[in-house]
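Following this line, the structures themselves.
Here subunit A shows up in two complexes: once beside subunit B, once beside subunit C.
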Partner chain A sequence: MMKNKFSEKFSAWLSGEVDLTEKIAEEKRTEAPSRISKKEEAEETKIIRSLEKKEIKLSFKEYKVLSVVFCVILIGILTATVYFLPTFASSDVPAVNEVYEHYVAQGRDETGAVNTVAGMILDYRAFDTLGESFVLFTATCAVLILMDDKHKKPKKEMHETVNYSRDPIVKSMAAILIPLILVFGAYILVNGHLSPGGGFSGGAILGAGFILYAMVYGDEQALKVLSERKIKVVTICSLSFYCLAKSYSFFTGNEFNGVHSVISAGTPGDILSGGLIMPLNIAVGLVVCCTMYSFYMLFKRGRMN
Partner chain B sequence: MELLIPIFRMILLISLLVCAVATALSKKPMTMIIIFTAYSIIMSVVWVLLRSPDLAITEAAVGAGVTGVLFFLTLRKLHLIDKDKEEELRAANESKEEKNDEK
Partner chain C sequence: MNLLENYEELVAMILFVIGFTMLVFSKNLLKKIIGLNIMDTGVYLFLASMGYIKDALTPIVPAEGEVNPMDYINPIPSGLVLTGIVVSVSVSALTLALCVRLYKKYHTLDLDEMYMHMKKEEE
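This part shows the complex of A and B:
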């Protein structure tokens, strides 16, 4: 009988019908008036409360034990999975097949990119990267919907704690660092087909540079440089350009319709080589940069203007 | 030099583990974020050792830079950063600005 009751209660607790926090809050609420009431009533409530307390304590213990058991099981499964992973850099892993060999052997001549990774993600598998860019765009839209409080009544502005542009150390360091960061980001974007990096890394660095600018010189100043309108135009133009460029190479890449692409792979190693890889890298980078920057603005201000 | 690389790798991996556990166990959200940023920086060095410098660049920019900033902004919005200190800083800053204006 006792066991049955326990299992019933346990299943109710698991399915969320018994809320522990509510009980505790109720207990706190009822605590004050019970002191004023008569002795007998007080004793009665005391007994009930001590029973409830026992229940709560038991429930908490169950919760702790179950969470520990769950964690241990999860750790066990994940650790066991590691044993099934292939050794790092071994040659007999399933990923080393004819696709990999083709990429390594012919990728450089076919795509014109010295950086094989860039050739893969922006030429062979460019549609994957297009999807990723749209994921970022969707994320920006979602944050805009969630954080935008343009239509709510204006709250008291959270004013700046510290005016960093007056701090001599921060000011002089920012004056040196921000141009360097932006130039480095642009270098990674433009050199994506030659050196490590590419659209996402370069865009993230550019975005971080703009965020640093906004943090040091204030949001209003930053929004004068990179306004909401500019961000919209840049993001949509980049995504449309990506769609059009990749549709073009998808259409001309087909052997059967007799149209050949006018864009050649060029000499591998030149800055102007790799066909569409460099413009696509720049498009992806601009989307990523705008996403990072608008995340910062929306999280900080709740709006983009 | 070749002897040093495995030791360096061991130090990195151990500190990675320590950072991961400390992130989960720390009580203050502020400390948590700072340790998480340290984790990202160590991870970017590990990416370089694993011969993927492009991932290292991204990890350093996103993991250590942008994510940390976004976490801090969220904390500020939720008023989880020490409020008294913020008030103190603001008062000190305002008095400083007044002094600057007088000059």
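This part shows the complex of A and C:
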């Protein structure tokens, strides 16, 4: 009997016709038909809150058990799937096919990049990477819209942040580290077609360098170095450069219209090789760097200026 | 027998399920986002281990000479993981910003409490 009642309640809760609030609202109506003083009202809401919490706790004991049971069942099903997968690390899997062979064997001569992954994501599948850059750009725009509190008057800094620029240890360490981090990020960007790394990792390192700068020397100082306007210009220029460059190689890559690309693949292994891969790596890296930095600024300040 | 050899895929599956359960059943919005990220990690581990070939090298080929494809691991899953990481960063940032907005309005991250506040607003 009791169990039946609970299951009914649970199904009602699941289907969205929640009776948790209704009951309390009824109580409120019967108890206090007339308006009373504000103090009593506040007390009443307090009682209602505690009642609500109790109800939730009661109905969620079983909920937790159910979720654990669900987790175990799902692990069981997926373990059975793993049992039928091909053996780990064998070369006898469906993914090792002619596409893989072509990318590894002919990738270097076709794209000019020694790093096959860079050649793949920025030459064979460059439109995929373009889409990724636009995902990052869209995420920045969405966060900017969501975190925007320009309409409210700027509050005084609620949590007084410590100014580390006067701390001798932090300041001197940052003065040594930040240039090193930025140079290392630039190195990874420029060497993306020769060594592990590329636009995304290099851009993330560059962004980390700027975030460290903002943490140590304060947001105002950092925004003087990398302001909202600069971020806009850099992001838009990088994205449109990527679009134009890839449209060019898309147009000239077609062997039937008689137009040939003037950009050659170069000698594999040289720093200036790989055709468009190095400029594209730099463009992607700048977009990633600006995105990381603006995420930090938006979540910390709620605005970009 | 296959289960012990495929231990990496097994760990990936367990990570995926833990993240999925957290995403679906947790009431706290922040925990949901953490669950989503754990789920992503499981997928990356699965992809990376599917691309691995025993005794093979990273796909950075020498500048000259013939290249034997069987000496290198499969570069395609590496590229897919790269894509996934970028998308997951964007999704995390977007959902966290949504969380901040919801917290500013309802002063709670609990889904049920939020739902009750919405219900009261409707009345």
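Quick note on the criterion: the second predicted complex is superposed on the first by the 240 of 305 C-alpha atoms of A that agree within 3 Å, B and C clash if a C-alpha of one lies under 4 Å from a C-alpha of the other, contacts with A are read in each partner's own complex, and residues count from 1 in each chain.
Keep in mind that, in the parts below, a residue touches a chain if its C-beta (ideal position, glycine included) is under 8 Å from a C-beta of that chain, and two chains touch if they have at least 3 such contacts.
Since the model is a prediction, treat every value here as computed from it, not as a measurement.
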(message) Tell me the contact category for A:117 with respect to subunit B and subunit C: first, second, both or neither.
(response) both
(request) For A:300, decide between first (touching subunit B), second (touching subunit C), both and neither. (result) first
(request) Pick one for A:74: touches subunit B only (first), subunit C only (second), both, or neither. (result) second
(message) I'd like to know which partner A:88 touches here: subunit B for first, subunit C for second, both or neither.
(response) both
(request) Considering only touches as defined above, state whether A:188 meets subunit B (first), subunit C (second), both or neither. (result) first
(request) State whether A:211 touches subunit B only (first), subunit C only (second), both chains, or neither. (result) first
(request) Figure out whether A:96 sits in contact with subunit B (first) or subunit C (second), or with both, or with neither. (result) second
(message) Tell me the contact category for A:42 with respect to subunit B and subunit C: first, second, both or neither.
(response) neither
(message) By residue count, which of the two partners contacts subunit A more extensively, subunit B or subunit C?
(response) C
(request) Once the structures are superposed on A, label A:125 by its partner contacts, choosing first (subunit B), second (subunit C), both or neither. (result) second
(request) Indicate the residue numbers of subunit A shared between its subunit B interface and its subunit C interface, in ascending order. (result) 88, 115, 117, 196, 200, 295, 299
(request) Spell out the part of subunit A that touches subunit C in their complex, as residue ranges. (result) 18, 20-21, 25, 52, 56, 60, 63-64, 67-68, 70-71, 74-75, 78-79, 81-85, 87-91, 93, 95-96, 99-101, 103-105, 107-108, 114-117, 120-121, 125, 128-129, 132, 135-136, 138-139, 142-143, 146-147, 194-196, 200, 267-269, 288, 295, 298-299
(message) Give the list of subunit B residues in touch with subunit A in this complex.
(response) 50, 52-54, 57-58, 61-62, 65-66, 69-70, 73-74, 76-77, 86, 89-90, 93, 96-97, 100
(message) Taking the touch rule as given, give the residues of subunit C at its contact with subunit A in the complex, in rising order.
(response) 2-3, 5-10, 13-14, 16-18, 20-21, 24-25, 27, 49-54, 56, 58-64, 67-70, 72, 74-79, 82-83, 85-87, 89-91, 93-94, 96-98, 100-101, 112-113, 115-116, 119-120, 123
(message) Show me the residue ranges of subunit A that touch subunit B in the complex, using the header's touch definition.
(response) 88, 115, 117, 158-159, 161-163, 166, 188, 196-198, 200-201, 204-205, 207-208, 211, 215, 292, 295-296, 299-300
